[in-house]
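Right, one structure below, let's go through it.
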Amino acid sequence: MNTSYNVIAGQSVERLAALSDGIFAVAMTLLVLDLRVPAIEAVHSEHDLWRSLLALSPRLLMYMMSFMTLGIFWVGQQTQLNYLARADRSLSWIHIAFLFVVSITPFSTALLAEFPAYRIALVFYWLNILLLGTALYFSWVCATRTGLVKNEMPPDVPAAIKRRIVIGQSLYAFGALLCIFNTYWSIMFIVFVQLNYAIAPRIRRAISR
Amino acid sequence: MNTSYNVIAGQSVERLAALSDGIFAVAMTLLVLDLRVPAIEAVHSEHDLWRSLLALSPRLLMYMMSFMTLGIFWVGQQTQLNYLARADRSLSWIHIAFLFVVSITPFSTALLAEFPAYRIALVFYWLNILLLGTALYFSWVCATRTGLVKNEMPPDVPAAIKRRIVIGQSLYAFGALLCIFNTYWSIMFIVFVQLNYAIAPRIRRAISR
Amino acid sequence: MNTSYNVIAGQSVERLAALSDGIFAVAMTLLVLDLRVPAIEAVHSEHDLWRSLLALSPRLLMYMMSFMTLGIFWVGQQTQLNYLARADRSLSWIHIAFLFVVSITPFSTALLAEFPAYRIALVFYWLNILLLGTALYFSWVCATRTGLVKNEMPPDVPAAIKRRIVIGQSLYAFGALLCIFNTYWSIMFIVFVQLNYAIAPRIRRAISR
Amino acid sequence: MNTSYNVIAGQSVERLAALSDGIFAVAMTLLVLDLRVPAIEAVHSEHDLWRSLLALSPRLLMYMMSFMTLGIFWVGQQTQLNYLARADRSLSWIHIAFLFVVSITPFSTALLAEFPAYRIALVFYWLNILLLGTALYFSWVCATRTGLVKNEMPPDVPAAIKRRIVIGQSLYAFGALLCIFNTYWSIMFIVFVQLNYAIAPRIRRAISR
């Protein structure tokens, strides 16, 4: 009976992108609220202020890490949406689920930053990244199967997008597995993978120039 | 005297959509602020951390529920706006009223999650959903009557949009009525209806494939 | 020397509109953070919950008032931007100043709602509205003088936009003046003017139909 | 192996602009959360309210300063993006780094406003501005070298954009250096430079009219 509605609902890629950008923007700035200026009563010299700022540096690092993680998945989602001619209701809901996980990411990052020696915090963080990757993979499968992609898309793009997610998630899973030995190995490996996604292509290009 | 202004004001569907996406993005991420990382003093073992996270799970569920409710009405509003050629001042104000109720939704959800056994919390939540539906219905009536819709809109779309709202709101009202017996029956029924809107079409399609 | 930069800077109306929508969205939802679910310890019956919610109603009203005020100026700004072919650096800065006042508006509203009997609160609120109107007026003068408006704009639009701001601000100023007698008269008058802007055209049309 | 993905990722200037506008909007309104309405218990007369509001004025000023700083860099980023035909993955990541610094800016401003006599606060603030400028400069170098700019761009634009950043950053650096004598001289000089960017062209034009 309401088939007709399901056919017409959620077709705008632009609106999906705009909602995504809004949620990413809020999620990316959420942890900045934890950076509070030191209380003026506790600071009596340049040295005191320096120490107060140093005490804030773990939070700043955690914030940077959360920003980078979300940046990676923002680029990933954007790449997919750029190739969509239109959306449909199912795809919209996959992305709403994706955005839900996006908004949880600052919490997972803060949890891991607060409890870096705890396996539960690491597994929670990894599950978060796994869900982000799964949602994007599922979204792409849905989009290509239902014919939502643009006609002018080069034929090797779908495989490249899938391969990228699978390789990334394999690396993250391997990193998470390292927590059997030590959670710090896991964290270092995962951060290294993320830095690689964010910075590496630029470095590689700079070298080859 | 100021007729002329009323004629020219509020015509941009794009701006209305952008404001909506912004308010939806903030409203959808508002409850994530209630997810706080457990205090490091209270956690001395993996077991402690696990219990602290379990204690957070009702908030996480409540957040998910709020996200889903807003997702449903975001898709609903988007479907309407996609068919509008332009807006006018009255339509803009109906949507500003709609967005006001959108921004209240996290509060209603949190209220119901905190007091699931209280009829007042349930009625408040239902009134919230009723107002969201009413605003969208009223907006559609206004848009079709004033000729703001696109010419290329298929002729069966207006009826489909109205039917959808009426059926949805009837189900929600029936769910709310169940609180005469037990508020938990109401909640389960309403969540079931919402899950149906979010997930069902995808499942149905997956089965029929 | 840097003339060239000033000529090329800040030309995108779309970006200006997007920043505006973002800031309006955050400002409009800011006061919703003050709506907190009643503490579960204080509530032992439906009656308790009802009273707790009643105790929240002034905040809800205040929030509604802030939302409406910002809605009025969002429609006003949008109407102007719709007629702009492009922006320039000066215009961008007028709107950045406008957005600054927009982001202060929830504070002014909360101040007036907390201290309705105090003239300073009323004058602060009125200054806020005055600055919003002045910025929009100044922006329009700048846009029409510098030739940033679209060619296809009907010739009576500039006067209509200016007239609207002058009439509105005159009414607000008259309302503010009433505080010589009683601040409550001022508040009632100003809220009446605002309701008139938000609802009246729709009612008038409904009657004339 | 994943070259193909790097080629297709992060190409949308529109999405980059939308994420930027979202993050700027949140960052610009962040400090408004520190403006809290005075407690009703502490206010017994118009005079008390006046004093409470005066006590808030440093925060308001600090907020204004943060808003202005971010406004300057928003205009700067927008000017660049307007000339881009498309983005690529490296450029996207430069801008994500830029946005990270943007979101830190309210913190730096608040720090300097709280500790105006401390050199560390001043150097922190200056480093913030330096990083913003460096990111924009690096982004422009990357965009022009990789051929991401629009073909119809006037030939003197690239030099104008670079010159602007270099001149601005030189002035800021000179201002920061003044802290050898006195941090207040630095602050006054920097605020003067910023006011010059925000207001001056309009004044100059008004005079030459």
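Letters A, B, C and D mark the chains as written, and numbering starts fresh at 1 in each.
To be clear about the criterion, a residue touches a chain if its C-beta (ideal position, glycine included) is under 8 Å from a C-beta of that chain, and two chains touch if they have at least 3 such contacts.
Small disclaimer: the values here were computed from a predicted structure and weren't measured.
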item: Chain copies touching (chain A, chain D) - same or different residues, decided at half shared; value: different
item: Rotation angle superposing chain C onto its copy chain D by C-alpha atoms, nearest 5 degrees; value: 90
item: Where chain B and chain C are represented by their mean Cα positions, the distance between them in whole Å; value: 25
item: Cα-centroid distance, chain A relative to chain C, in whole angstrom; value: 35
item: Residues of chain B whose C-beta touches two or more other chains; value: 18, 21-22, 25-26
item: Touching residues (chain side chain D, partner chain C) in the complex; value: 17-18, 21-22, 24-26, 28-29, 32-33, 35, 37-38, 40, 43, 46, 49-50, 53, 60, 64, 67-68, 71, 74-76, 78-79, 81-83, 154, 156-157, 160-161, 163-164, 167, 198-199, 201-202, 205
item: Residues of chain B that touch chain C when the two form their complex; value: 1-2, 4-6, 8-12, 14-15, 18-19, 21-23, 25-27, 30, 89-90, 92-93, 96, 99-100, 103-104, 106-107, 110-111, 114-115, 118-121, 124
